[in-house]
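Look at the two complexes coming up: chain A is in both, with chain B in one and chain C in the other.
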Partner chain A sequence: MEATSGRRVVIEPVTRVEGHGKVTILLDAEGHVERARFHVVEFRGFERFIQGRPYWEVPVAVQRLCGICPVSHHLAAAKAMDRIVGGEKLTPTAEKMRRLMHYGQTFQSHALHFFHLASPDLLFGFGSDVNARHVLGVAAKHPDLARQGILMRRYGQEIIRVTAGKKVHGTGAIPGGVNKNLTLAERDPLLAELPQMREWAQATVKLAREYTLAHVDSLGGFGSFPSNHMSLVRADGALDLYDGGLRAVDAQGRAIFDHVDPQRYLEFIAEEVKPWSYMKFPFVRSLGPEHGWYRVGPLARVNACTFIDTPLAEAERRVFMEVAGGRPSPLTMAYHWARMIELLHAIEKIDALLHDPDLQGTDLVVRGERRGEAVAIVEAPRGTLFHHYKVDENDQVTMANLIVSTTSNNEPMNRAVASVAKTFLDGQEITEGLLNHVEVAIRAYDPCLSCATHALGQMPLDVELRDAEGRLVARRVKDSRG
Partner chain B sequence: MARVLVYGYGNPGRLDDGLGPALVDELAARGVGDDVALETGYQLQVEDAALVAPFDLVIFADAHATCAPPFELRELAPRHGADFTTHSLAPEAVLALARDLYGSRARGFTLGIRGCHFDDYGERLSPLARRHLDAAADFLRQALRDGTGDLRCPSPGR
Partner chain C sequence: MSEPSLILDGREIPFVPGQTILQAAEDAGAWIPRLCHKPGLEPCGSCRVCVVRANGRTVSSCTFPASLGMVVECDTPDLLAMRRLIVEMLFVEGNHFCMSCEKSGHCELQALGYRLGITAPQLEYQFPRREVDASHPDILIDHNRCILCARCVRTSRDLDGKEAFAFVGRGPHKRIAASAGSRLRDTSADVSDRAIDACPVGALLRKRVGFSVPVGRRPYDAVPIGGQEVGR
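Let's look at the complex of A and B:
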């Protein structure tokens, strides 16, 4: 990157289709950070993609929206269509198969994020040599850790394959239930690997915990701020990634609302439009847009729940909450620790489910009174995911509205970017290492940058420096090939 | 006999982005030798390092936004840079991980098939992309026929 006296820095992953993000940092005449923003250029065509389809196609079709968490869309759509066919009270086999699929997805997604994306920053430092700060650098210095990450990801993918029928774009969840159970031949290899997965999950939580505790003072100044938090919780307040009511708590941990029926989400959540972003900004209606923004995802879930119903993860949650004095943790970087607590929770849940004979049951589908409208919510790996549909008398979808977790985290990510930019970039010559600090703050949220395709010939990251008149004076291109 | 993997990846729900998986479907329909394995994926990920490691030759087939039509074959050097998201891995990085973690010595190529339409949802290929796909399938079947794994890049802009 060339030295420059320009005033506008843009970090922009370039794709040839909509669905990408960029960071714009505006400097004033003295070189101080005036404003910083994170933009996600969303491609909103998916509602049109879904409209007009028969409702039973939707749980499969929505998986085309996202390459990284298709199972979350699959399950959210299936849950909504359960209500459309009056089958929301699933059979034990159907609900447990779906939960196993969901925990498998959570396990592989969290492992992937930690080992592939977060660990280079955590192990080598945010501003360390870019030539080593990647998963190959981890493989070179910590090969066992890199192999663990791959094998944990594969384990979760295998759970998805045997519950959804396919590794990618499965068909396991259907309106009112599932189309397969788990055979013993499918179960036994998973059981054989389970002790190793649990051991690695415990070691990974320890790694994330020790990192956070060792840096807790500096992380307090790294894109951190008090906020509201929202997630699903079970009726007794337990963490529940698959089903439950909505709970929002404020920065002190006090309830803003609790156990809200997902069908009523529009009474409690609204979305603000800002002229500079394609992405909406959701907020709690009763607090308004200025004070009602909230975080979702692992940090919000661990902060909002009353307890975790698996012993190893609950023990970790208690330590986590003690660090913040019993109140919700404000640390953006604590997303990593919370994510690993959920990783441990997921493998504990998988353990229990694999030992449950209901998974070999044959009662797979229920039906009831037909409805024309339904809302479903799941806790996707990145946060709360809303699916809302209307279906006409010809069984065709007439309306679809999705709120994805990255949308809910829009305002917090913007605040994190602004905070880090002002703390670390202000008055400095802009280097790759300093810009990576901004990316580290964004990556803590693990945003899904919509549904971009991944063809050859694209450049995922493009940093531009422009002067006050908008002229390009410097450019830095960074892609996954180096 | 060289062990060959053709790995087509992309999103079949985003029009021509599905060219990679479509190529694998096409090869499966036409038939390939016993030494050629076929695999599809949505995008490349870390576990693909373990998948490709046992092979002598790996061909990563994907849609290409800018190459000269109908397709471009390019040999890869294993390497990796810093990523911005978890959402995909470059084929060079998959090869590098396979080398560093599993001792793989696989040669790798990208077969980029020129696509035309990406900016919408839809499970269909454009007519021109379909012709590019046919040309790529013709080439690959011929190139892999002798079983040596000695894949040669065709002349540019064929």
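Let's look at the complex of A and C:
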């Protein structure tokens, strides 16, 4: 029980698909917002389930953690198992097939988030009628945009299908490589659609940019705060979603650490356990738990990288950084713009890969000296994803540790919710406006929970206001029909 | 003199004296579902999936000899229900997680589940606690997935000449064991044994080759088990 003289406001989504989430807003004795806690019950059972399982099963098993970006877990586990079999230096065909799979995933996941989840807020306004503020409302008022969203997502899923074997939960990446190449019959329909996808991606970035620029003053006060940012970067500092070293920068853009070998992540990152959440709280060791929290995901990646190695996305990044004054952007809502810059980057990468004859190569798997332990990191659509395994001499997994991006964004989301609540919580009344704005702030981070609870933009909420003794002061329930 | 024949689901089919009902049906292009049966092995009739009604009597078609004028029912609603129940029991009795099993798409139990239209078992899952024996350098046994068909036992004994596997325990505690000791590494089992290929499910596996066949090119991705022949 919380030892406080204040009150707690609990916002509790009641459906559970990806997990169960709720928001608790803690008030001080005067009734002002003190801080907030966003809880996601991410049951970490997978780390236990796979103990004793043969290592080659892990990339296929752990991706069942999620139905939205399973490719991230598939690839992170496969990369770890590459090291276990001594095959981390993949053949060109294998590495490019995996990258194509990853960019396809990034494209579909970012398109899903922007069009299906975020666009109703951006197009209609945070406080607009919830009965129209959902993807069907977008379809009614902006039919072309809704159609683009669906077709872009389908394109990314199709890339996943031809690289992983299935649109969801495929088997393409295996320890030391891949189990298939890309046939010309698989490639050509994707090439045919590519120009349209690139055009739409450019238009979408423009939409996100114009939205951010038009609201830049108000967004500065909406759940925004300076923070550290962490991401993988390539050896030359370029944005790299599939592989690289870890870079963390502070709110001024100064390096906290750079090009850290993923195998050494535990020397730089620690995880704190708190009694009120199933989630752990990762932090930069050198800064400690109080100051070492950091953001991950599109905003952190665009903030942390030195440049983007594809021209259209790099041009956008330059505008983005200019708006932020050359320092990391602190705007929570700039996640959307950054996400769309990555969407554009992904389609540029897909373009280059589809034209690369290495994808029709037949040298798919390499093996080398066997290892007993491995760490792998990928940049999942939602942020940095760590997979760490130990495998015994019988080929069975003995230890697994996964740090998922929503976990890293835990503290930033708490801060965003607290910031929004300070603006919109009025006395002891839990208003519709408060709920709407809390939703919008959380959704910017694209936690896994977002799709589970707001596919139609209507987050089912059970809101309770309790005093320090736990007595119910007020309650407001909103079901999934609004 | 004409060949002897029997009636299978109203159709007259010939047989060679000494053939079982299942063999006669197969030669006539009628596929009867089965799990423990494997060509080249002495039939043992343990799984009962190939159950038919011969002259009104319920028998396993892989062991019951065909006879002159015999009337065999195979594709009837009650027999289909019986087969479904047997396969369902196999699913719930073990821990069959197809989604992460490397035998998925190659697995006869899974393929039979699809062919029989089993979308979700009606029986309660047992979730038994079972072990994985990965002590052998090149092969492993995952007891979670073993359906006790004895194909490995029979293949090792009859075709590999080894007796590397045997049953131990009784009733619900029955399981496949390495015959020479408690661990697979202590047996004469070898990665090249035909017994490894005999396993219809993901219980007896060669190590480090899982998932090498992409989805779409696995045996049961395109064609159901038993092919498109009649019979279910």
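Here is the rule we use: the second predicted complex is superposed on the first by the 421 of 482 C-alpha atoms of A that agree within 3 Å, B and C clash if a C-alpha of one lies under 4 Å from a C-alpha of the other, contacts with A are read in each partner's own complex, and residues count from 1 in each chain.
The rule is short, and it goes like this: contacts are C-beta pairs under 8 Å (C-beta built on N, C-alpha and C of every residue); 3 or more make two chains touch, one makes a residue touch a chain.
Keep in mind it's a predicted model, so treat the numbers as computed, not measured.
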| item | value |
| --- | --- |
| First, second, both or neither for A:48, with chain B first and chain C second | first |
| Touched partner set for A:180, first chain B, second chain C, both or neither | second |
| Which of chain B and chain C A:301 touches, first, second, both or neither | neither |
| Partner chain in contact with A:339 - chain B first, chain C second, else both or neither | neither |
| Touching partner for A:415 - first (chain B), second (chain C), both, neither | neither |
| First, second, both or neither for A:209, with chain B first and chain C second | neither |
| First (chain B), second (chain C), both or neither touched by A:157 | first |
| Touching partner for A:56 - first (chain B), second (chain C), both, neither | second |
| Which superposed partner A:64 touches (first chain B, second chain C, both, neither) | both |
| Per-residue touch tally on chain A - higher for chain B or for chain C | B |
| On chain A, positions contacted by chain B and by chain C | 61, 64, 169 |
| Contacting residues of chain A [partner chain B, same complex] | 13, 16-18, 45-46, 48-49, 61, 63-65, 67-68, 70, 112-113, 115-117, 120, 130-131, 133-136, 139-140, 143, 146-147, 149-150, 153-154, 157, 168-169, 436, 439, 443, 446-449, 451-458, 460-461, 478-482 |
| Complex interface listing, chain C residues touching chain A | 99-102, 132, 134-135, 140, 205, 207-217 |
| Parts of chain A lying in touch with chain C, wherever the complex brings them together | 52-54, 56-57, 59-61, 64, 85, 164-166, 169-172, 174-175, 179-180, 365, 394-396 |
| Complex interface listing, chain B residues touching chain A | 9-14, 17, 40-47, 49-50, 62-67, 79-90, 92-93, 96-97, 100-101, 110, 112, 115, 118-123 |
